[in-house]
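Next up, some structures in structure tokens.
Both complexes below contain chain A, partnered by chain B and then by chain C.
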Partner chain A sequence: MSDTRLYKGIDTRYIPEEPEYVEFDAAERGGPGDRGADVGETGAPDVDLESGKYLKLWQGPNHPGITGNMSVELTVSGDTVWGLKTHVGYLHRGFEKLMERRTYIQNFPLVCRICVPEPDFNEYLYAASVEDLAGLEVPEKAGWLRILTLEMARLTSYLQWIGGQIGAFGVGTVGQWTITHRDYMLDLFEELTGGRIYHMYIIPGGVRGDLPEGFEERMEALLVKIEKLLSEIDLAMFHNAVFKTRAKGLGVITRDMIDRYGITGPNARAAGVARDIRKDQPYLGYDELDFEVVTAQNSDAYDRAWVRRQEMQQSVSLIRQILKRIPKTGPIHTKLPNVLHWRIPPGQTWHRAECTRGEYGYYMVADGTIYPRRVYVRGPSYTHAIAVMEKLAVGTNIADIAGLMVSLHTYPPEIER
Partner chain B sequence: MSVKDLIAPFSVWKRAFEKPYTTMDPIDERPGAPRYRGFHTNQMDICIGCGTCETVCQNAAIDLVPVEGQTTRHGDSGLRPRVDYGRCCWCALCVDICPTSSLGMSNEYIWVDTDPDAFRYVPGADEKPWDENELGYAPAEGYELLEKKRVEMEMLEPEEGVSSFKELVQGYSAEQAKIEADRCVACGICVATCPAHMDVPGYIEAIRDDDIPRGLRITYESNPMPASCGRVCTHSCEYVCTKGHNDGEPISIRWLKRYIADQIYAQDYEEILPQPEPDNGKQIAVIGSGPGGLSAAYYLRQLGYEITVYDARDLPGGMLRYGIPEYRLPYDQIAKDIDYIRSLGVTVLQEHMVGRDVGFETLYRDYDAIFFATGLPNPYTMGIEGEDHPRVLSGLTVLDDVTAGRDPGLGHRIAVIGGGNVAMDAARTARRLGCEVSILYRRRIEDMPADEEEITEAREENVRIVPQAIPVRVEDAGNDQAAFVWGEAEMVDQGEGKRPKPVLIEGSHHREVYDSIISAIGQDADYSFLPEEVLAKITVERGRVSVDRFGATGDPKVFAGGDITNTKRDAISAIANGHLAARGIDRQLLKLNSRKQRI
Partner chain C sequence: METLLSDLESRFGTTEPRQQRADLAFVRCERNRAVDLITHLRDREGYTHLVFFTAVDIIEQGLFRLTYLLHNPELHTDIGVEVDIDREQAEMESIHRLWAQAATYQRELKEMFGIDFPGSPRVDEPFVLESWDDIPPMRREFDTKAYSEHRFVARPGRETHETTEHMKQKLYPEEEA
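Moving on, here comes the complex of A and B:
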């Protein structure tokens, strides 16, 4: 267990132990080479479609997992997947280009749509980039309210993800619970920000509202519910023979892949790489909060799920710490220049944050006009859903594809901005 | 894998006995959170249709449209925002930025209709069930997108101000001007109200861009006297400014105009501003060198006309020079405006009073058209007994004397009768000459026609203001003094829409002895220079010459403008009259299609 402090006062009987490291044996699950395919020098299967042995099979674009509209083109022989190609474009709205034709304030309601389940990271990074280029200081209280919404978003996103992960292996019950609890979280978002999905709360200069009356108590009541839910998830998911059998050894990301593919977030941490921007380059108030990076060793779908499950507990703990630290008084917003014709002096900046899926970054170039010259959004899904997914899928079964995709936790809209 | 892994998942059964999580709409109500961003509301009487919501909306979901029951008037475009819910993303930036805070959002979020067009509606005008919802999104305390406070103008302290005729207003620095210009939302409500319809958002934008020459070019498009107007304009624009709503302060439009004029040296004007077209061979006579006459002269000259201005006085400027004291409008600033107009080839003949030094008939014969803006030189009389006492002076005469460098001989204790700008100017001029000054006015202070700031500044300079004081008579008090007898007035309501009338309270007489009594209760025009045959063709109604929009009188060759034609009787209205008359004359003489606008 990487952080026992998280579990103070909680029934720890059913918390799954950190999985022991098991040397992955490719032959056990069977790579293409072991099943008699022609393997080229690169190790990729040499597929001859003319041979009549192979079939093309499409999954998606209707939400093949719980990931958003994306489709994968499978090359299968029998039940075995010999090749996978990711196709995106179903959610392309051209955000980066749209932003070059909108003023800095007009982009504020736009960015949250780049990643629907976690809009707040976009809002934060956009605001931080604008503030950096414009030389604005954000009031302390606004900073703490920002970090609160970021952790709330993390928990909300994981609640949605965990239902999808176990659902992809055929267990629908957990998803019903977690989506409900996600909705309870959205209720709190609604109270705080005025919106459930698109919060539009973190605005350049600060935030748009203070905590409503009695928010802390309602949040604590929900956190208790979520902790109870997590202990039930431990029983239903992590102590589930079906999940264990199917997820263990599935989609192993080897350590040498981490840097070659640019893998970040839980996908990297499950491989034992303790990389977390909240620790490595603390932003907002993360350096003042008490938490440790969760890692695992086996780097398979089970370990990735385990790491995320620990991080849910971590978020619960962080939200409690943050609520205690939010100053009772003080400004929530810095006065901006007139936003209708706000010019930002030429410059460029790169800001990053640790979202649920890994490193999320915004690169922004200002050219002194009222529009940003360029905004580039770099989410982890680009690597995870395309290069990594295409590599890991080879040798799995058709029925594993959905589970594998969800275990990489990808959100297509951030791939195609 | 263990036995536990096979048994543990069955624990999910526990949840089967729980109450369902779902809300059973419509049996269970589930209202939006108190600050939920739901459907829009708009308070129609507070909204002024400035369109800032439309500007900020990145989805182009808001259009300003005419609405039944809303009329266009000063400070209100008469339009109201229409929201298209096929486009709206409920970000509420429109609510955040609304300068009047009329636009809001209710916490209602359910709306079912079979007609898709129903979802494009005008909040507030099309009645909706959530119109009276008190809950819903509103900008939080401490979060404001627009700056309400204006950049304070540095002024001389009142004590220092009354000690000399130095200009009181110090002007903005570049930094201050840019901050003030940044506050503007560029809605253009002011443009409609400005008598000259100056492109205010345009020149304010030029200040923001630090492109002062562009700002000067924009001002000269509709106002050839920015240095003067930037100081003494009655700024009706500021009274309607969108930023003046919701406890905000209007943009300092007048000071920003002054800032533009102050930044550029007179000798650089020629390089920046457009130069006149080649001479077209037609000659125009302008009578009077006040703002009206000079404005007509400037715009006609731009079109290539040869202009001769006839002026009775020894220096040009009319009331700008002789009616406004130096501490409000320094003479070098009038000169800056006028010298530039003259440098374009406009001839100004001083001490050429039409009717005295040159006949109107001569001008009528020699020129292709005549524009006259002769102003209001004759003071009204109070119509009370003893008014012809030698110690009773006219406000205009006093101001005139001071301008000409003569001692008006006021003495020490003086009274000024009247509540207009001339009264304030006379009173404050007298303070600068060391007098102890009282202003007596028939009505209440809020009824005074003088600019608000003039009244405030007069008070700061220790001018005593006695409202509701009706002049009764002037008596000789001997010792080269006059006694002013006045009675207290009560304000009698005259019904809705009419201003209350002061009525003398019997037996409430006061008698005060003064060295001088300055009467400044208004002036009248003098048309004695107009020959019979011209007078027969033009109409004079209640002292004002009747003209059309382009200053045309009943005589096709004669145009008029300025205080003698308009009711506002201020510099900017005269400038607007001159500009329009230039257009009118141009059309008349060149027989142009009336839609074509050359200047």
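Moving on, here comes the complex of A and C:
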């Protein structure tokens, strides 16, 4: 065919462009947002369980739509969901309580375990909060190494997520590709930090180690592989009729829900709300990097996936920029006082960062002792998996619940801190 | 933010303004004026995003310090509103009508600290804990170690390795015992 455009072996005719904005009312009968249920004017369905028309159904705690354990209690009539309640508590480990009984340095290997697929944000935010209260400065090189691991973590988390998203609609192949590539990234994490899942790399005062020799070359080779993978994902997922049919119009988040429900991250950006903490309140070196906030308009599961897909490409570009900015020499750590007797002056602070799911943050209260008085971990799943999910599920087909859940990108561990 | 802090002081009698950074400040407010203040910040000052809502147990003073952190997406600034409530009468006005997700925070605070929010949806339903029969576990007097020793049986032959001693030998060998 004469008009076939080939890019690295991929027929680019099928690579989707930015989705067109289609205006519709999610509850309009027969419209693209209609999933069959009449939810009435208030959005609250009138369910009479005694009528015999409804059924209570539990999905979980090992749910196809979630990373970690979480149950949903569904009220269904036929194959339409009329109500959903999120149930958490299957992996409660009480991190916030444990942190009150451990010294600041003993908490450092604990915090990364709060979020398995993307632990580095916990390390960075915990370290940033301690440094803020203790008045510590971080060397420049350590700052760039921190930002490198945060972007590597973003890509790793998205690689896991994107396979889960299309997998929830019954396509398993993409997940096999992406989990393989995630493992390649974990290999690089292992080289840099010594750990594949929990890195314990960002320590108060800096980072634990320098870049290994040849790391930049191996990272570039992997980034090329990931770019090729993204082109293939475009064909297998975004041009897939099943995914398009089921994800378009699914779980529409309206703009007025954004602040009312505390929605952040790609879930908000897919609704056209250009908020990204990396741009709005730049931390580390994000203000020196070249990137644009990705947004979409339709705010359905398809657009949320499209935003995340673009952010994967953005992460690839950011990692390349960061590797060029890391100083070749210089300290990577500030000397800390004796960590066994380290008293942080009384005070409180709050630090936030943009993780793959949205706004992640640490609120820390110090009382002048060797233990933190209170550490509160704010994860985006807290509202996305409960208040938002419970609202969006109403009127959804039962087969789409897993896909809807993944499209909100929720991790239960950050709900049960 | 200085103008805002002095404005809040004159309108709502807030105290102890602390500017942690250029984009982050904390104020303290009386319990009976807190929801008015928060509503004002949301509707008039652009602090439309409820970032989180939690509590700190200050047991030695017999109070819980509630902290509402609000974000202004236009100015990219945060303000934390702290409200002290009596530990013995742990009850606060609900803000679920201001933000839909606030009900979840309040449900968790009821379970973990025993702070009640009358009228908040599903506030009495268990959040994380099922069949919990002890005091709310995030209260300072709840001892996790004593609870686990009482509740569970240690495996025979189990050894405990004290990390502090190991770190002392590794990092500060010259330090006296």
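Heads up, the rule we're going with is that the second predicted complex is superposed on the first by the 382 of 417 C-alpha atoms of A that agree within 3 Å, B and C clash if a C-alpha of one lies under 4 Å from a C-alpha of the other, contacts with A are read in each partner's own complex, and residues count from 1 in each chain.
Operating definition for what follows: a residue touches a chain if its C-beta (ideal position, glycine included) is under 8 Å from a C-beta of that chain, and two chains touch if they have at least 3 such contacts.
Fair warning: this is a prediction, and the values are worked out from it, not measured in the lab.
Participant: For the combined arrangement obtained by superposing on chain A, do chain B and chain C clash, or do they fit?
Facilitator: Here chain B and chain C cannot both sit on chain A without a clash.
Participant: Identify the partner contact of A:57: answer first if only chain B is touched, second if only chain C is, both if each is, neither if none is.
Facilitator: neither
Participant: Considering only touches as defined above, state whether A:209 meets chain B (first), chain C (second), both or neither.
Facilitator: first
Participant: On the A-aligned overlay, A:347 touches which partner chain: chain B = first, chain C = second, or both, or neither?
Facilitator: second
Participant: Quick one: is A:132 in contact with chain B, with chain C, with both, or with neither? Answer first, second, both or neither.
Facilitator: Only chain C; A:132 stays clear of chain B.
Participant: First (chain B), second (chain C), both or neither: which does A:376 touch?
Facilitator: Second partner only.
Participant: Look at A:106 in the shared chain and tell me whether it touches chain B only, chain C only, both, or neither; answer first, second, both or neither.
Facilitator: A:106: touches chain B and chain C.
Participant: Quick one: classify A:398 as touching chain B (first), chain C (second), both or neither.
Facilitator: Neither partner.
Participant: A:333 contacts which: chain B (first), chain C (second), both, neither?
Facilitator: After superposition on chain A, A:333 lies in contact with chain B alone.
Participant: Could you say whether A:195 touches chain B, chain C, both of them, or neither, answering first, second, both or neither?
Facilitator: first
Participant: After fitting the two complexes on their shared chain A, where does chain B collide with chain C, if the options are 23-31, 77-85 or 95-103?
Facilitator: 95-103
Participant: For chain A, which residues lie in the overlap of the chain B contacts and the chain C contacts?
Facilitator: On chain A, the overlap between the chain B and chain C contacts is residues 103, 105-106, 338-340.
Participant: Help me check something: in the complex, which residues belonging to chain A touch chain B?
Facilitator: Residue list for chain A touching chain B: 14, 102-103, 105-110, 171, 173-174, 177, 180, 183, 187, 190-191, 193-195, 198, 200, 203, 206-210, 212, 232, 235-237, 239-242, 244-245, 331-333, 335-341.
Participant: Within the complex, which stretch of chain A touches chain C?
Facilitator: 88-89, 92, 94, 96-98, 100-101, 103, 105-106, 132, 259-262, 264, 275, 280-281, 338-340, 347-350, 352, 359, 361, 363, 365, 373-374, 376, 378, 382-383, 386-388, 391, 416
Participant: In the complex, go through chain B and note every residue touching chain A.
Facilitator: Within the complex, chain B contacts chain A at residues 1, 4-6, 8-9, 11-12, 14-15, 21, 32-37, 52, 55-56, 58, 89-93, 96-97, 137, 139-147, 182-186, 205, 208.
Participant: Quick check: in the complex, which residue numbers of chain C touch chain A?
Facilitator: 18, 20-21, 23-24, 26, 48-52, 54, 56-57, 67, 69, 73, 76, 78, 80, 99-101, 103-104, 126-130, 137-138, 140, 142, 144-145, 163-164, 167-168, 171-172, 175
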